[in-house]
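Below are two complexes that have subunit A in common, paired first with subunit B and then with subunit C.
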Partner chain A sequence: MADKQKNIIEVKNLIKRFGDRTVLDGINLNVPEGKITVIMGGSGCGKSTMLRHLIGLHQPTEGDIYVDNENIVGMSEKQMNGVKRKFGMLFQGAALFNSMSVGDNVALPLREHTDLSDEIIQIIVKVKLELVGLTGFEDFMPYQISGGMKKRVALARAIALDPKIVFYDEPGAGLDPITASMIDQLILDLSQKLKITSVVVTHEMKSAFRIADQMIVLHKGKVLQVGTSEEIKNSSNSYIQQFINGEPEGAIPLKQTSEAYLKGLLES
Partner chain B sequence: MKIQQKQKDDIQVFELDGELDFHTSPDLREKISAEVSKQNHKVVVNLKNVSYIDSSGLATFVEALQKAKRASGKFILAELAPAVKSVFEIAKLDKVFSLAGTEEDACRLAKA
Partner chain C sequence: MRDFFGRIGENCAFVFSGVARLSGLLGEVISVIFRSFTQKKTIKAKHIFHQMVLMGVDSAGIICLVGISVGMVLALQSAYQLKQMGAEIYTGALVSVSVTRELGPLIASIVLAGRVGARLAAELGTMKVQEEVDALTTMGLNPIQYLVVPRCLSLVMVLPCLTVIADVMAILGGFLIGITGIGINPYLYLAKSFDPLVLKDIYSGLGKSGIFAMVVALVSCHQGLSVEGGAEGVGKATTQAVVISIVLIIVVDCLATAVLYYALPA
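On to the complex of A and B.
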């Protein structure tokens, strides 16, 4: 690549401990601007905790997190609100307000964070709904639409304020394979058309390989490997191979050894 | 953002300089709305010095176009930088607006 790629997020030596338990253990990672970065790993690998740090919900025990050149670690709530304007978040369960119409859900961040008139907000809502393929659904209530459509409404809401970065927490969770692939296509479209940086946390392998420009594999709170889809697919790391092939036996122990069991039992 | 307004024959020309975003678009809306709402008025907006436009800027122009059409007027945008034009294309609005390469072309379109 001729141009030097700018990193919109840089995580430096991030450590997070909950009591004695180290959940993130010296994470270093970069998220290139305008690209789709997928953070993946098995349950309990630390990927959700990592995401919560990136959006400022957790403070690390040690380390720094730079978002668009600003270190968000130790920021005041007011400072953090300024940074939060730069990103949108698609929650796992869509998290729409059931008492509000689709249009009002998308309009919510515009009403909360800007002084725009309602006429202008209504036009923006229409444009955002078109971007997610839901033109004409403004007056529908969330209970009147499918799970996949709810996700798309949530995505329209996430991009309402024209964020630089969108975080996706398990975007395909609870969706059938066809709907999940439609959401993947939408993530690709938004990235390519709007040049939005996407950070996707998932353990869905098909989805990860479909969308990722860069993959980051976490295991036991550490970065195991960073690479393109091809590099991860061809990784010689036995943990990664076991994970992407979904094999029950391998380097990742399904259960603790009897030795660890006895040690844990007798020493507790 | 700087907004300059001038009259060219019977056309109101707005020259914008800066970024058109959530902070600056309400001011532009106020200035443009007054002109496009008048019957048969011709309005040209020159975007030569606009480097960035967000959804609120786009929506401001959509509303201006709606008002101009209702008032049987003309509303033309001129000299869009590629990054600005792509915002219209993404929202599939590039075919809805009259987009002119130069201010002179925009004025010709307004008079047509």
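On to the complex of A and C.
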């Protein structure tokens, strides 16, 4: 019998309200260490907001978030900076610094957070870029490389400090299917070879099923189901089935029925 | 009537909340500067010098042009009035005192509010929209420390230098008009220009330009980092950065002049 899986992230009863609008409504979820967890759901379901809470960019209205056994809710900036050293983040648009070369982008966290000499930093940059298949691109500027390359540079930057966890916000968004699958393969490699925990937010089903060890489906700020790829694929939940199959009609109507429209019109 | 007072109240609340946010940013900037004395790697000299080149060296040409033009206009207009009293010999004095006390710092800071303020707001706004600011935060780098403080310090160092250039160029512009257009003897013009000048005129002008630099940097960085939405948000922030900077420069100038020359005349 295998050891009980350790959870590196635990979210307990997370609620987030923006004014009167409740975006996250009592979320409970666990992220097992060393595995790939995919958080999915339709646009506006709260998955990006969820991710921003996990990386400390938002503070919840209620609830607790434990990252590596430390509650990051209400943490001071100094303490939070210590926690941030444990994770890297790949943003949807890569978020490379346009005024810096590819090499300087990857070197930035090393220069700011370590006392390593520039020679050592250059070696680490080379290694990280090689890991994402971009050897020799150190001197290129971000505007000189393609969208897929930018994502890979951003990934090299995210893993520059050898984090325990890497968060990915829509890693395949805006990329062609081949480049998107290359990014998926990189996520798998990082998980399998370096034992990095990955938390991926996406609504691309193909990619999600390819990489996920655990899937969490969000809908209207609540967790609809947690399970393996197989469990989600065979889910009896009509919303999940509609979402997986990309059907316009189903549990989530694309438009109002004529009766509902008429009723609304008469009431107004 | 109720609407009218309501609107006044809303506008006052808007102004006070803006002042409060700027004061908050100033507080954070000062705390980072103090922290830099005890913690290494807080502020990097390389970042400050890079910004000084972009803000200062690249603006020197336009400051020279505006400075010399203002000096010429001032000499022409004041000579016209002074001539009626037969006192055109004092044109140089009028130009040098008004330029060192007021116009030099004002024109340098207004030109920089347009040139540098807009650039700062657009640059930081675009970084915010493209999640670069979030990326910094996620890396454990404080955007105030990494982006705002080097820009504030550079502008505070660069604007007094540009004010000196504006002062010299405006006095030169006045001198050229004085000796050619008005026909004053060059030695006499220069002697009359520097006779009434006291060091306080120059110090106060430079001191004010340092304050204006802080105003431009804080307003522009605040506008840039507050951008919401996409390109439209960046455009709006850029315009507001320039407009608010110029308005605040003039208001602060009014207050500073009142304090320097009336409350503290000695």
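Basically, the second predicted complex is superposed on the first by the 253 of 268 C-alpha atoms of A that agree within 3 Å, B and C clash if a C-alpha of one lies under 4 Å from a C-alpha of the other, contacts with A are read in each partner's own complex, and residues count from 1 in each chain.
Please note the rule applied: a residue touches a chain if its C-beta (ideal position, glycine included) is under 8 Å from a C-beta of that chain, and two chains touch if they have at least 3 such contacts.
As the structure is a prediction and not an experimental result, all values here were calculated from the model.
Trainee: Looking at the overlay, what does A:K193 touch: subunit B (first), subunit C (second), both, or neither?
Mentor: First partner only, subunit B.
Trainee: Once the shared chain is lined up, is A:K84 touching subunit B (first), subunit C (second), both, or neither of them?
Mentor: second
Trainee: Check the residue A:G93 against both partner chains and state whether it touches subunit B (first), subunit C (second), both, or neither.
Mentor: The answer is second: A:G93 touches subunit C but not subunit B.
Trainee: So in the superposed three-chain picture, is A:I123 touching just subunit B, just subunit C, both, or none of them (first/second/both/neither)?
Mentor: first
Trainee: Just checking: does A:L57 make contact with subunit B only, subunit C only, both, or neither of them? Give me first, second, both or neither.
Mentor: second
Trainee: Identify the partner contact of A:T114: answer first if only subunit B is touched, second if only subunit C is, both if each is, neither if none is.
Mentor: first
Trainee: Which partner does A:M75 reach: the first (subunit B), the second (subunit C), both, or neither?
Mentor: A:M75 contacts neither subunit B nor subunit C.
Trainee: Figure out whether A:I145 sits in contact with subunit B (first) or subunit C (second), or with both, or with neither.
Mentor: In the superposition, A:I145 touches no partner, neither subunit B nor subunit C.
Trainee: Looking at subunit A, which of its residues have contacts with both subunit B and subunit C?
Mentor: On subunit A, the overlap between the subunit B and subunit C contacts is residues 113.
Trainee: Which residues of subunit A touch subunit B in their complex?
Mentor: 113-117, 119-121, 123-124, 127-128, 130-131, 160-162, 193-194
Trainee: Show me the residue ranges of subunit B that touch subunit A in the complex, using the header's touch definition.
Mentor: 21-22, 25-26, 29, 54-56, 58-60, 62-63, 90-93
Trainee: Would you mind writing out the residues of subunit C in touch with subunit A in their complex?
Mentor: 41, 127, 130-132, 134-135, 137-142
Trainee: Along subunit A, where are the residues that touch subunit C in the complex?
Mentor: Per the stated touch rule, the residues are 55-57, 77, 80-81, 84-85, 87-89, 91-93, 95-98, 108-109, 112-113.
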